[in-house]
Amino acid sequence: MAGLQYVLKRLALMIPTFVLVMIIIFLLVRLLPGDPAIAIAGDKASDADLAAIREKLGLNDPLLVQFWLFFTNTLQGDLGRSIMMRTSVSDVIIDRLPTTGFLALFAVSLSLLIAGPLAFVAALNRGKWPDTVIRTVFQVGLSMPVFYIGLILLTFLAAKLRWFPVGGSGDGFWGQMHYLFLPAMTVALYTSAIIMRNLRAAIIEVLDAEYVQFARAKGLPNRLILGRHVLRNALISTITLLGLSIGNLMSGTLVTETVFAVPGLGRLMLEAIFARDYPLIQGLTLTFAILVSIVFLLTDLFQSLLDPRMRLT
Amino acid sequence: MTQTVMKIDDLHLSFPVSRSLLDVVQRKPGKSVNALNGVSLELKHGETLGVVGESGCGKSTLARCIVRLYAPTSGRIHFEDQDIFDAEAKRDRSYNRRVQMMFQDPYSSLNPRMSTGDILAEALRVHQMRPEADIAPRVAELLGLVRLPQDAAEKLPHEFSGGQRQRIAIARALAVEPEVLIADELVSALDVSVQAQVVNLLLELQERLQLTILFVAHDLRLVRHVSNRVAVIYLGRIVEIGDSETLFSAPSHPYSQALLSAAPSLDPDDKGAAIQLEGELPSPLNVPPGCPFHVRCRHVTAQCRTVVPALRTLEGRGEVACHHAEEINQHA
Amino acid sequence: MTDHPILEVENLCTTFSRGGTALPAVRDVSFALGKGQVQGLVGESGSGKSVTLRSILGLARHYGEVSGSVRWQGQELTTMSERQLRKIRGREIAMIFQEPMTSLNPLLTVGTQIKETLTAHTDLGRRARRDRAIEMLDHVGIPAAATRLEEYPHQFSGGMRQRVMIAIALAASPKLLLADEPTTALDVTIQAQILDLILKLADEMAMGVVLVTHDLGVVAQTCDTVSVMYAGRVVEQGAVRQVLRTPRHPYTEGLMRSVPQDVPPRTQLYSVPGTPPSLFSLPQGCAFAPRCQAAGPACQTARPTLQDIAPGRQTACFHPLPATQEDAA
Amino acid sequence: MSDAVVTSAKSSDAPQTRVQIALRKPGFLIGAVIIGFSALLALFPSFFAPYDPNFIDYLAVRQPPSWAHPFGTDMLGRDALSRVIHAYTVNMQMAILATVFALTIGVTVGALVGYYRGVADMIFGRVVDAVITFPFLVLVIAVVAVLGPGLINMYIAITLVGWVYYARLMRAEVIAQMGNDYASAGIVMGYSDRRIIFRHLLPNAITPVIVYWMTDMALAILLGSSLGYLGLGAQPPQAEWGVLIAEGRNFITTAWWLSLMPGIAIVITGLGFSLIGDGLADLLRPRG
Amino acid sequence: QERGGTMNFARYDGSRLIDPIYADRNPDIWMVGSLFDTLLRSSDDGKSIVGGLAESFEVSEDGKTVTLMLQSGLKFADGSALEADDVLFSLDRARNGDLGPWSGMLGSVSDVTADGQAITVSLSQPDPTILSMLATFNTSIVNKEVFEAAEGATDQDKSAAIFASASAGVGSGAFYMCGFEQGAAMDFCANEHHWEMGADGKPLPYLDKIHFEIIPDDATRILKLQAGEVDAVEFVPFSRVAELDADPAINMNLYPSTRIIYSPINTRETRADGSANPLNDVRVRQAVNYATNKDALIGLVLQGAGQPMTAPLMSSSTRLASKLDLYSYDMDKAMALVKEAGIEAGTKVTLTTLAGSSDDATIFAALQQMWAPLGIELVVEQVDGATRGAKNRSGEFDIHTYGWVDDVNDPSQVTGWLGYSPVRNAVGTGWESDKFNALFEASGTEMDQAARAQQYADMQKIYADAAPLLFMYETPFAVAVSTAVEGYVQTPLGANIFSRATVSK
């Protein structure tokens, strides 16, 4: 089956990527100044205590040995124990993953909902005032620091108007929708600006394409031309972009989750870095890498679903 | 017109279709586009060899092989008895000076950010054709040679029409004083009257500079007009090659016949003589066994389906690759 | 001609604006076309052939200014609303685009693209639409039509795509076909097949055809009448036989002479001197004057209009070439 | 000779220079004015700033905007306007230094890899994958943490990660340009690879990279601000917009001007870069 | 007193493991008291020791034995009896050097025995701090049965397992943990079996439940209180105190604390890079102390909510604290001192601060301006906590910001930390005084309160003169609560006391 083969091929290509990711993060983490033993035992601990902790964590072994251990354990699905959380890294990650996953999906959906229609309006009115207004507004969204947007939304929509809760993650689907709306919106303001830009350009390009002219010449109804011919084609490049910006989206969650007190992976990552929690940093990075790769894979698959030229035979 | 400058011997070239990693792991044979399937040719000094054939039959591939843009899968090209794909020969850039190519697309074959003068001067400098002081006069001379006004040197390619651009491309090729010119559909993108201008220029220059030209085109009238000899290519093989006038007035291969008859006559009353071919051009991805033309040929026999016909000399004609050339041409 | 023309184009002008300057792509084009008639439109690249066709169908108004009149069976198309035009496009007037490689939507199956026209213009049911689509593909000579319906354009060769476009154009049995260089992208052998097909259908369905090409051979073999365009204007038109045999406009004559036919091999060919003018800066008088050997002072200042010089024969020149016996006949 | 009179194509339509054309676009003009003025502020902050940006006045903290202090004073009694103006120096520097090395490295690597393909391209592909699967910010934070906070290290970190994006773009564009015959023509003319890559392909392939560069400069300011917020960017008492916003965010209800003014500065500068980017896209496109 | 209800409490950081002997970070330590009881307690004013689980206690003449009498009928939160066995188990655990980091504080204990409800703690040498130790979180009593039954091979594993299960049983505090989401939220539920009685004669606490949420961002935490989503917010930045104080719906509490903010000065002869260290000269250290206008700092950083340090080794609320005039702002003296020390203008000194801390940034900016007249050019180096800790240890710093809160209601802990060089080189400053060390060692066994007080007075004098620190200020704990909340306190040691808190509905 061609589809399966394609997936397998993509998976095969992911192997060297992951090894590279593991090497990079392993080295990077070990280059971090500051001693995880101090992070564990605190500033007050004696030097002897620290030495004992280092020994126990295997931090005194040669780097290569440490890496091999990390590598083989990871292959067996064992990400080690979090130093600061004192539990298995995979448990912590599995615990937090749904929240961040929900936030990311929510943000992507919001971005599409915002960017999609507006991109159409802008593209169809190219060069006229709606286009200019829409582009400028999104440009502003693109140049605002995430933590600032977040804070403004919080102050006015949550604290002043009390439309949304200030922080936390909520329970159940609707609870999460309610709690995560503002954080998702914060991330979406940024992503939707990127998507809008791209989609608008894509729509303009497709509107000029010969096959759209031909569809007009066929006397098709407008709705069919825009929906079937224009949108589908414009979506193709936008989907790639969406996949690519998922990495940025994850970066966005780092700060957003901190500002909105959302207990997700992004905030955990910041905490882990500051606590020098080596296993947790490594585990989180791998998780991010896997998530992003899955998204790449999905966008590729979705794209090949949309675009018959991409279907391998 | 006797001395052979270039000899092409059983040239094969297939482009691998990109394979998935899985295929490689499973050692599945890769698919490939067989663009050239055994082309043999000789280019004689001072002649113009026309190459015709349908789109995708391998004309450009052949041209690009000759200038070493593509390396053939097998076969050899000798230039003055030197194999041009020798490791040693490859290092020798003088081959690239002596054999020049001009491209079909007048819009993409010139660097859009370099002025005409820069384009020509660069060629002169890199190959040290002239001392630095003589470069500007030589550029002027070249512009004159291809009949471009002198102020053209300062202009960028987009300021020229298609025909003028092709002349710049010719000037660039001539700058390095080559011996062989490969013209890959040099005029196909141009209008008839502009086509005529460029062809005139080419003919004149050839006369003057004793150039050898390989002229690839699909406009049969034009090929007939400029060529001394003509090769007809079908699916990466030469099916007929011979003297231009003979071939055009009496084509021997059934494919050549169909090709010539399909060219619409300029005379409105001259209707209905076309030989209708059945079916589609087979894909170079899977070239049919036997004679490549057999799937569309009216004269097909069992032999044609299995045995590849070799190019052989036909009495009073050129060389033809057809099992039934004699019979067909008796009736014709 | 006995029939009343089905299409009458009068003083059609189309102007684009690029970077603030006006670009007169088509100027005062007029012609008429009867039932089952094949009208050729020739001229060099950029002379406005494609824009003429697109203006007739109201497509050019999306990116340019169109004026003049296009009457289709008595109805004025240039002023018609987009909504009304949609009923005519594809149903009564169909068009084949110049570029087979880019004119089909790469994401939709060929079947879908044929059937959507049928959905828009006929009240055929689902099955009937499918049958009709298969019939059309058969008609244009695509074998195994039923299975190929499910395939995508990229699985077709250029020639086959061109035929698919023809199938789409003809699906709703239009009364007029606007064919924009339907064969330039193709090989001579395939070109012959396609032209044959169009002619056959024109004949069978009494369909008018406007055929754009720059290959004079194609015109000679397929058209009844022909218009020669230069820099956005028609410089000469009339019956094919007359125009090609005895061109009266110097440009037409130059075109005919440029073709390497009946000249000794490897000799210099005739070519129209000079280069075509840029549409941005057309000369004040006759656009062809700078390249014309017969040009006089009048040609530099005044623009010749299209004049009847013989029945059904017009040219726009102050100094037309002399007529011959045959022409007068 | 029948074709003796060959005149060059009439070019009376192109007496305007590219710059003139670009300046006719209001977007580009506005962008150029914004960035030009920003550059002035960045180069001569002391000329424009009414006060010493670091002078602490214990007695005049968090004063609302007034004629004496148009943007008010911050929690140390420093003049907010002067701090916003002095921040231009750092932030504009950020826009340039955080991107220009990534641009140079990326363009070179991208061009080489795109031209030669092969094994280098395979390896490059894996590196790109590995880098883009990391969240950008995580990588930058980690690198900054390794090197220690500070502007220089921040530039190094952003460069280490950012070059990949330029290289990716450049590679794709070079490959696209290789489809043009002028690249083949260079080979046929017997030119050296270096000449073909850097003289022929690069100038033609670089336009989208330059356009991306403009947006990236805006992003660099944003990223620098985020790092400033986390304490990994500019060092106190240096005024920097991200730090200013972070400092002011606690007073968003009581002293809103503290975070609003630097926020506006970021937005306007970002807008300026993007507008220039859009304009450059038109400007650099070869015509015809 | 109104009973029942849930209090929502927003914290700046979460607990990771609340176990008497493993709690090592303040967010853990300060919660131990809500879940566990100690045998003794500090009195409300913090000056004396009173009974806890033990209803009475007695120290022998020679100071080497402590006898305590357990209350009768004590129960753990799961209803099982709290007996002497549990006490022995807990104290043995607390002083086991292989386990938690706090065992050293019980170094003088040689044996613990029980006879019925009577517990005897035997000491190898007299220990003036022993009663305070028995009132400190690490000697809290845990349920032996529950602990031993827990899953896991090691003590640590068992502790983690119990914590993770979030169920009643292991402690006897006013609450038990009934819900836990790592790093996000935590729930405490009322312990019905708690021994302490409220004003209404029923067991404390009044609350049914406390829900903790972790919100690291200051601004968000406060917004949450303003939006009414939580009832209390800890660690309110001092810059917001005035604003919240003015809010009629909010009570802004500033609880007295033992927290001091100071900056260790590297006193070594050379810096880590080998260059001469100007701060090695005591006059320079004194000069920078004089040149620092603490009131101005307090105004800028704390908006006035604090006071300059008056005792060099501890906060003024710690027992035995001296009340000195600790380097009040005197620029002339400072100038004279640097002149004497021969400091050249433009001497570079690095202040290492915590990245992202706006307080540190403010301190730096202020100090830079204050010290400029001395010819000292202060440069900043921002690092994160882990790096700052490592630098403190390796001595790779000039001056860095630091803070301290007592864990024990006794001055010995902080004094050992700040001045006794065998413990971590006197907060990493490298300062060493034999006289100081001898005094400190002697005070460790001095049972005579007056003599001990004198020893501390001497140590503080020595320390103040040597100035191995930049002495800055003391700050209260700023906790904002909605007006519905009453009875919540944070002790000077930081412990959060919820047992008498109420929330009116």
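Labels A, B, C, D and E are assigned to the chains in the order they are written; within every chain, residues are numbered from 1.
As a working rule, contacts are C-beta pairs under 8 Å (C-beta built on N, C-alpha and C of every residue); 3 or more make two chains touch, one makes a residue touch a chain.
All figures in this text were calculated on a predicted structure; none of them were measured in a lab.
Listed here as common contacts of chain A and chain E: D. Distance from the centre of chain C peaks at E, each centre being the average of the chain's Cα atoms.
Separating the CA-averaged centres of chain A and chain C is a span of 52 Å. Chain E has its Cα centroid 88 Å from the Cα centroid of chain B. We define each chain's centre as the mean of its Cα atoms; on that basis chain A and chain D are separated by 23 Å. If each chain is reduced to the centroid of its CA atoms, chain D and chain E end up 47 Å from each other.
Multi-chain contact residues, meaning those touching two or more other chains, occur in chain E at positions 219, 383-384, 387.
In chain C, the residues that reach two or more other chains under the touch definition are 268, 270-271, 275.
Counting partners per residue, chain D has 2-4, 6-7, 9, 145, 148, 229-230, 246, 249, 252-253 as the residues that reach two or more other chains. Listed in rising order, the residues of chain C touching chain B in the complex are 44-45, 157-160, 186-193, 195-196, 214-218, 220-222, 240-241, 244-245, 254-256, 258-261, 263, 265-272, 275-276. Within the complex, the chain E residues that touch chain D are 218-219, 237, 239-240, 243, 296, 299-300, 353-358, 361-362, 364-366, 368-369, 380-384, 387.
Every residue of chain A that touches chain C in the complex is listed here, in rising order: 209-211, 213-222, 224, 228-229, 232-233, 236, 306-309. Listed in rising order, the residues of chain B touching chain D in the complex are 64, 67-69, 93-97, 100-101, 103-105, 107-114, 122-123, 126-127, 147-149, 151-152, 155-161, 164, 169, 172, 176, 196-197, 200.
Listed in rising order, the residues of chain D touching chain E in the complex are 54-56, 58, 61, 75-76, 145, 148-150, 229-232, 235-237, 243, 246-247, 249-254.
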